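See below for the structure under consideration.
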Amino acid sequence: MIDKRVASLAEAVAGIPDGATVLVGGFGASGVPVELVHALLDQGTTDLTVVTNNAGSGETDVAALLRERRVRKIVCSYPRSTGSVWFEERWRAGEVELELVPQGTLSERMRAAAAGLGGFFTPTGADTRLAEGKEVRVIDGRRHVLEEPLPGDVALVKAARADRWGNLVYRTAARNFGPTMAAAAALTVVQVDEFVELGELDPEVVVTPGIFVDRVVRVGAA
Amino acid sequence: MSLEGRLDMRAVARRVARDIPDGSYVNLGIGLPTLVADCVGSDKEIVYHSENGILGMGPAPAPGAEDPELINAGKQPVTLLPGGAFFHHTDAFLMMRGGHVDLTVLGAFQVSEAGDLANWATDDASHPPAVGGAMDLAVGARRVLVMTSHTTKAGEPKLVPRCSYPLTAAGVVDRVYTDLAVLDVTTEGFLVREMVAGLDPDDLQGATAARLTFAADLAVLDPS
Amino acid sequence: MIDKRVASLAEAVAGIPDGATVLVGGFGASGVPVELVHALLDQGTTDLTVVTNNAGSGETDVAALLRERRVRKIVCSYPRSTGSVWFEERWRAGEVELELVPQGTLSERMRAAAAGLGGFFTPTGADTRLAEGKEVRVIDGRRHVLEEPLPGDVALVKAARADRWGNLVYRTAARNFGPTMAAAAALTVVQVDEFVELGELDPEVVVTPGIFVDRVVRVGAA
Amino acid sequence: MSLEGRLDMRAVARRVARDIPDGSYVNLGIGLPTLVADCVGSDKEIVYHSENGILGMGPAPAPGAEDPELINAGKQPVTLLPGGAFFHHTDAFLMMRGGHVDLTVLGAFQVSEAGDLANWATDDASHPPAVGGAMDLAVGARRVLVMTSHTTKAGEPKLVPRCSYPLTAAGVVDRVYTDLAVLDVTTEGFLVREMVAGLDPDDLQGATAARLTFAADLAVLDPS
């Protein structure tokens, strides 16, 4: 019997160790697994490498992790945005390491990890400082950079609905990094708005099959 | 030097919009380029792509009707047109990098005469760098249009022999639309196609660090 | 106004030139764009490189192309199956070149082309004869083979429903190679069972967005 | 040499089935391994994966209820269980190569003492080669179980020091289930865990080209 549903946010993030690489879904405020990130914060986990597109804003989610000095390194494409004060503060103080990755390379590197690939050549970033130190090769007349897979120990993802097998569907543009991150981590933890019965999700419409998912929690759960 | 004919950026957006073919798949960079969508005639059907997994973006929603998760690359609320689709980030960038987006309009700090684009970093060490999807769009869109003021606010030329700012991508820009001119990037550098009414070629060259050539059929930039 | 619907199978394959590399969807008999392949046959197009998982069976589709000597080369993972007599006949006579590719590498190479990547390292095929002549690199302690992108000039794909923008949904396991091939070709031609109005396909459920599709024809159309 | 206790392959399938943990994601290779699904107890919930884009495959449909497009890797009609999902080929192989499939059961021509697997080509030059998804499964599944007769019909050993047939993948096999024994692949080669009742270790070694070691807790292979 497969049942990936857990009863609480605390249970959802239980066992995530200090030092983990955590993939955090979301683009701006869309699709961010806010409650899961706060559960991780409440648990006290620290020394994290956080992979996420933006570096948080205001006092919530990734910004709160930064404020509480739980983040050793952040891997992202666009850390500087309106309200990214805690990232900027920690970065200026040299308290957080930044690995800046072009957005498409960020998601493709996670996909490579998900797909068991050893890396890929991409034209993105060639001839720029983000290729510094990387292998460059001319392929079909164009310069390409060799990029490495980027796996997570953990992925924290927000979806709309899940069944007990962990099949997921998302809502509008909140899908963003969720499907890729869910597939790229050793432990994938998902928060959803709603649980549905097995078989209720149309098999043509499942976006993330449960094979990628380990734990699902309904937000609002105790 | 008289640069009196400078257009406002909305007029530049109108000029860019005229060059977008009916039926195109288009990604508009954040900031100024988003003005272009409002200027495309209703006789054209354009499918707007957003890097966060949207095709078929429509205009901003009515106040109060915003969906906080349905946003564009600039994090502003948008709507979805009939025929639109959602997909994940990796597929969104597959479309961009893989040459499926017909055309992108991007802002720029500098464009070089070789078509190099610098639009992501100014090397201001007091701010952390941020790149987003700029590099992917620049290398991947089939046609890269740049929309920018011809000079900086301080009067520094933005069209240069070589970019001094960090590159976004090398040799990618096809055409530049400024508040003074429309210029193609050719193997011989910038070729001026259109200039605003009343502008003297020498004055345009004076506002440009790169050497300009002027098209035989040089036309007046129509700002309407 | 975007309208990718065409009125006939002949129009759907018009202009596909001799010598083209054609990606043909399907796995066994599931999801094969039979009518499009026969339209290509009727058009007389020849000297083709066909990329497809199997090499056809009996007298239809890819088997018919082979029988009529329209195929110069076939790139596939499993050419030998029940009824693959025309492939075997042409192969034994040295009349068709075979490039054998592991199935996952076949689809991943097409995806790399779709994604604008210059190639990827995969553990699949390392230490086997299918890696002969290819660059091998040890990554993370494991031997990987460098594989090249595999783009098509044309993709022939079968889907269930389409709208005038070319958005597609598929039916059960007939989806197979369709979404990847549709994205990997310069000209993507799709046969569907049904046209629907724009907006009728749920945007959460579109599997192949129309950006990848050039022509759509309803089978049974004149 | 007495190999009288040889099991039929259905009994081997039953033995394999006992080793599949409840809740596993499983891909069964075409041919003999598909027997395993029928032998898994109803107390276990197993999610079967098929390379052509299916998770949650159910048993064969009733005669007349076949859907010609809903087939498994062996091109036989199947059904889909509640909770199942369809996806495209590239995602199906992402699951396989990326270590998401918990275990696979594969047939074999030969397995070497280093865990090398040869199961796709016999170098019969009169037939064209075909590989399918065999290499992807072999490198990607978290656990690779092989199910095979201990020797060929002609009596040639299939468990060998080095494969003479072309490799599918090197160093991937975890455990082998034959009609005579269950053997783990260890850093010291084949370790016999179980043998059929009444079989003499020397006879098993006699039917095996690779050197065998026998587990201290060697057990009888229960075929029930």
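Think of it as A, B, C and D in the order they're written, each chain with its own count starting at 1.
Operating definition for what follows: a residue touches a chain if its C-beta (ideal position, glycine included) is under 8 Å from a C-beta of that chain, and two chains touch if they have at least 3 such contacts.
Bear in mind the structure is a predicted one, so any value in this text is a computation, not a measurement.
> Identify the chains in contact with chain B as well as chain C, in label order.
Touching chain B as well as chain C, we find A.
> At what distance in angstrom does the C-alpha mean of chain C lie from that of chain A?
Each chain reduced to its C-alpha mean, chain A and chain C end up 33 Å apart.
> State, to the nearest whole Å, the distance from the C-alpha centre of chain B to the C-alpha centre of chain D.
Their C-alpha centroids are separated by 56 Å.
> Centroid from C-alpha atoms only, then distance chain A to chain B, rounded to Å. What do you get?
30
> How far is the middle of chain A from the middle of chain D, if each middle is the mean of its Cα atoms, in Å?
35
> Where does chain D touch two or more other chains at once, residue-wise?
80, 86-87, 93, 97, 139-140
> Quick check on chain A: which residues sit in contact with 2+ other chains?
Expected reply: 108, 111, 115-117, 122-123, 170-172, 203-204, 207.
> Where do chains touch, given as pairs?
Chain pairs that touch: A-B, A-C, A-D, B-C, C-D.
> Can you name the residues of chain C that touch chain D in the complex?
27-31, 53, 77-82, 87-88, 91-92, 98, 100-105, 107-108, 110-111, 122-130, 143, 170-180, 207
> Quick check: in the complex, which residue numbers of chain C touch chain A?
Residues 108, 112, 115-123, 137, 139-140, 142, 144, 169-172, 202-205, 207 of chain C touch chain A in their complex.
> Could you please specify the touching residues of chain A with respect to chain D in the complex?
1-2, 111, 113-117, 163-165, 167, 183, 198-199, 201, 203-204, 206, 209-212
> Would you pull the chain B residues touching chain A in the complex into a rising list?
Answer in residue numbers: 50-54, 67-71, 75, 80, 86-90, 93, 96-97, 116, 126-136, 139-140, 166-170.
> Can you list the residues on chain B that touch chain C in the complex?
Chain B residues touching chain C: 22-23, 25, 45, 47, 49, 55-56, 80, 82-87, 93-95, 97-101, 139-140.
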